[in-house]
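Both complexes shown next keep chain A, but they swap its partner, so chain B is in the first and chain C is in the second.
Presenting the complex of A and B:
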């Protein structure tokens, strides 16, 4: 199954991949310096503010606005990008190259933001709200991390869970309905957990018991639940709009810590789902790499035959993990509902798939996945955020950005990452 | 003559056709369960089921009435409405109304056949093209662009429009194909992401000057001129939408049969799909095979997109192939149902087109949302993809049919 790729990897390209990536980053950096930085007009300036939008739990300690000369800031940001590219070229970074591309994307988007908000300039929003951007990015990142953790749990045991998107959708729908009916996000979380676990069970049942192709069955499950969610939307939610009232979860601010400027609103004035996500990251990390259970799971994912020969129940382990993974993604769907509000049929807009890509980028490790999700989350939010400035890029193109960066990153990765050896391969005892 | 005993044996030996038919039955059962679980009238009847002696019978009757009405309108909306048909036969009037269900099913099946063959070709190569929908969108956009912006005599214009659709799809197929061949990026991730990119690209085009209908702020294109449309098969006066796209679908089917069974490229596709190691060992250029497969698949998906526009709406708006209308997603299930073979895909397309069209009729008559059709389709495919499960449920004897073996590669490759 790896034959196609290994031929691709063995043939040396005339221009090495690392060099190509390095030069690409350098070009983007030069564009930042000369395309946007130099010649922006009569010495404009860009202003950063730090007051969060939502101060219902009290504002953090005040930070004054910071006004920067636009040209010099852009030159500086461009220089940072050029330095990233130069690092790739000089140190011949093979493994870290795509991380640099991700960082480049973020720095570049910041540069575009600085450029777009310049005053005097066309923008009607005369400042950049740094805190608001970080809070928004944290929300998207949280959703992606739930999805990635789900993927890690399944794939470490050797089952590809491409149905995360569907589990998000299921969790979102059920969570939204339960919260609307009971006004209780805890019950909603339980509901999302159950529906996610059921969907995980369905995937496990078909993939483990009947040895179906996991990717195909996963995609069909997503199709099925997308249909089911649309069906529910028009058959149940439309006649009973009070089951879809779109409440969002209120924040649980941590006293004291939330007073820290920038950091406080981003990390310590969040919904319960955010803190739960942090706990889950630690828990999955610890369980997978520090416990006997984790060792067994990883053995099943790497070499099921060997695992079976020492008495580990391969099927059982896989069932448990896929159901757990489904549950985590289901809770992620509820978290999605808790920050996004009303359910609409295509609300998850591919985030489950992006989470899967982030998991690959993060090398099937929770810590790596957190870093990758942060990268995707921040760049996605920055791209969405650009809409409010009068940038000469149309909204539709900006909305493509999260998907394009996912494609770009997965193109630069392969051959550099190694999945669990038995990932995606059905296991039969014979 | 096989006799009843022979037929019974044939049923028990679980041929692919048996499995598919039983999967259809199971799919309809799943649909019925969903209707029962979500329809207030049925639930209310059961709530009172133990209040009186007659109540359970009443509840059963309500259940059968509702489910029956739903499935009856799927049938009458997609194949034939017997009373209406009999009326036409006896009086010779109302043929349009009698034939509309079949015409609609065929109309919908046209792009579905083409798109499903597109997906099937990659499956045969051991690749998974989940991006057929995005490629079809690009095909539709490119086709509409050529149709509305270029002025040519009809004899050239229609073929050029269809070619533009193919070209749009080829671009969409080239991206995952080349990326996989030259960087190893997994085609599943790339094509999934590309669907979203294509949708936003379409919106971008529909809101930009050359393509957008003048004096409009909505995302809607100009209408394709008459010469670039695929005309209704029985003339505009017939009121039946089935169009000359059927010729295109037929040609694509024949092409696919030739490609997969007769040509050396198709042989390389199938060998690569069955066993990539053996393919490489026997000197098949893996990279070329992979790219070619994706280019052909993308091109056909693009053709499906442009055939749909040129045959039915003649313009596109922001809902083109979005959500439930995404034929590129239905095509995945159809291809699996048809075991990735052209003839199987044609039958699968007719069945799924009937479910879609009938689903709309069901919504119109009973209010039950047509999305139920998607759920039934997915359930059917899940059962077809796990024939052992069907075998167990119906206690079939042997499994002559091999399960659908499509080895999509794991992430590392």
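Presenting the complex of A and C:
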């Protein structure tokens, strides 16, 4: 009788989120098979190549090109996506649905590349340079990871830092000016760290001392700083262009490791900011989940009253973490300057918000955030660069891609995410 | 530990929450602090636990005056507190919760989980409190979560345990188990300060009972005092502890719930196939430990929560998934569980609150314009007949006491044409005097021939008020019994097992 009742309940249940995601994945897979794969024309082929384009230290290795039959490759990739969707539907995956969506996105991106580069075809570029894509994406991914780590540090302690975008901008501006003046990225990093920390302190001060709505305070800080940066741009940078000379940090290749095919140029021929990011990911991960400090931070973010009842200073913890988070985002802004060069007022173009979405997609964990940032980074990079493949979609639409994923993720359309219980809720003792 | 409070006074603005309170807890003693809601018990405990600072008076531990600036100080002095709302992080493991704030570490500030587990096991062994250190707290039943709170206090080497309304969330069996634990802790030399307003359990477990009322100590008495003596001390006058009502004369069913399935915010079926029937002229009392689907059931009946499947009938009409306004207009009265959130608008006047769910109806409005004179007249009549103590009908509701706020809701709901009344926790947080009043009104509604559904987590109230008692456990009705059934059997139903001979 009880089994019957619950079956009846299930039958009458409207299309649940898990099923919706499952069907969505299946549809994407079917589109890959039938929309892009079957009937691509008279036996075209796609070629993958692996030699880096911009070889700063020479590639001691040479991998041959890999030529694939476009149609069958797409059918195969589509089948993989359909299988992922079917798995979600059949096993009623609620928790793993997010991971499947991520995998789907990656496979689909590969499929789009294979499809776009087919020869004969409209593409001007007759091959896909896998290494170039990875190297190019690594830079964007790095920026996003700085932002996500900042978000994790703040939100694990219960404060939403939506001001990451502004902290990026602050770090970028200050970093660019200091480097232009001194030609020293280390000093620039210190400058970005300080400005980020100050902006973090401002957010913390308003959110903790005055219990303001953190989202509003964050948006206000971003808006205020955008205006301030524009002002600075017209009144300082334009008259003194030598404060904005657009230097780009040179790579510090790691001898030996950089020679590994594909992996070498992607991970071991990078700027110092990339290595610093790797260290920070490990450090934040370790500190949050292995140390006493991390346990207390997470307790403050989950149940501040419980933390307070054992003598943990809730306000103090939040201050420290939001300032730390601001500092990390500020350094991220300097890193941005180090790969992008000259400052313009809208240079950060929403990366701070995407980083925040990646943090949610990654479930407030450094490891998850790294995976989500990689996905977002690769798709953003491709959106900027697919144009050269003459894809019959306008550039503007392609550039929306990372933002579309961001909307889907932050609206909770993908998987079930559970933020720290006290995230965004002002804490007061009474 | 010997704890002594001397002349503790704590004021909030013009309100004196604690007025020169003196109290002594001897080592190995279970000392009960008995008082109504709002008598100042919680304030006193917060002062003792360092969460608030007293304006006057001193705290002595083993004869030495101490200053407790925060709860960390209190814990270091050997005071442990088991809060009414557990101070546990739900997503942390038992071990993480127990060591929080006093973590054993290895190099690099790393947590020493091995030592944490070992510490918990040794406390478990010493006091017979078994629990898996690696279990996630939210996966544990409430009774075990409370045990974790106790272990946490003992783990910090508490010599004095403060238990704040510890049985409020427990089944009768779990409450009995807790009292056994309290006795064995006292036997091993720990002092226990036990806060409660439940007369039965207080007499059962205490060595000394101190009664406080309106912030003052009324007196200390032995547990042999009778319940009515204790109640009179608590309230300040003789009170009737039994609800006087004639036998019910039930007629046709008015409120019918059939195979109802409702999901909570997380998507779990918290009401899982409930069928229930309330007839005209009877009170059905729904018992159960908090969080077993009662709240969601009431929300579904009143249109505040989506019904997944099943039907709700009111006087034969299908009201399933109708809007709250349609349901209220169909003749369902609702006294909500959280009155300040769902029942009233605190910043609005008494008069406006009394027409909160009938603002469009004549004579309170005509063609979309409010008739303020009618609203006022209505309020003055109701204030008079329901004995609401307020300075004026224009006073904001926030200026009324909790009991009078509840009277405003009762007046509003009972003064309009009703088929059935659903009342959730109708006396929560009220003083004994107001409780008596609300109970009488509910019985009056029944005697006028309406159907009444009461939801309460206070077993005494359920047994006193109900003509039939339905028990809910994990989203299902585990039994419908006569109120003469023993508390033990109802307790078993509340824990999900059917006693012999029910149904």
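By definition in this document, the second predicted complex is superposed on the first by the 411 of 430 C-alpha atoms of A that agree within 3 Å, B and C clash if a C-alpha of one lies under 4 Å from a C-alpha of the other, contacts with A are read in each partner's own complex, and residues count from 1 in each chain.
Quick note on the criterion: a contact is a pair of C-beta atoms (placed from the backbone, for glycine too) under 8 Å apart; a residue touches a chain by one contact, two chains touch by 3 or more.
Everything numeric here is computed off the predicted structure, so don't read it as measured data.
Of the two partner chains, chain B is the only one touched by A:424; chain C is not. With both structures placed on the common chain, the touch criterion links A:346 to chain B but leaves chain C unconnected. By the touch criterion defined above, A:303 reaches chain C but does not reach chain B. In the overlay built on the shared chain, the residue A:293 is in contact with chain C alone; chain B does not reach it.
Of the two partners chain B and chain C, more residues of chain A are touched by B.
Residue contacts after overlaying the shared chain place A:90 against neither chain B nor chain C.
Contacts of A:311 after superposition on the shared chain: chain C is touched, whereas chain B is not.
Once the two complexes are overlaid on the shared chain, A:215 sits against chain B while remaining clear of chain C. Overlaid on A, the two complexes show chain B and chain C touching the same residues of chain A, namely 2, 5-6, 8-9, 13. Interface of chain B with chain A (complex): residues 34, 38-39, 126, 128, 130, 175, 179-186, 188-190, 192-197, 200-201, 203-204, 207-208, 272, 276-277, 279-280, 286-287, 290, 322-324, 329, 332-333, 336, 367-369, 371-375, 377-379, 381-382, 385-386, 388-389, 403-413. Within the complex, the chain C residues that touch chain A are 49, 51, 70-73, 75, 81, 83, 86-92, 96-97, 99-103, 105, 108-111, 156, 259, 261, 269, 272-273, 308-309, 476. On the side of chain A, the complex with chain C involves touching residues 2, 5-6, 8-9, 12-13, 287, 290-293, 295-296, 298-299, 302-303, 305-312, 421, 429. Touching chain B in their complex are the following residues of chain A: 1-9, 11, 13, 17, 155, 160, 162, 206, 210-213, 215-217, 219-221, 223-224, 226-228, 230-236, 345-346, 349-350, 353-354, 356-357, 360, 394, 396-397, 399-400, 403-404, 406-407, 410-415, 417-419, 423-425.
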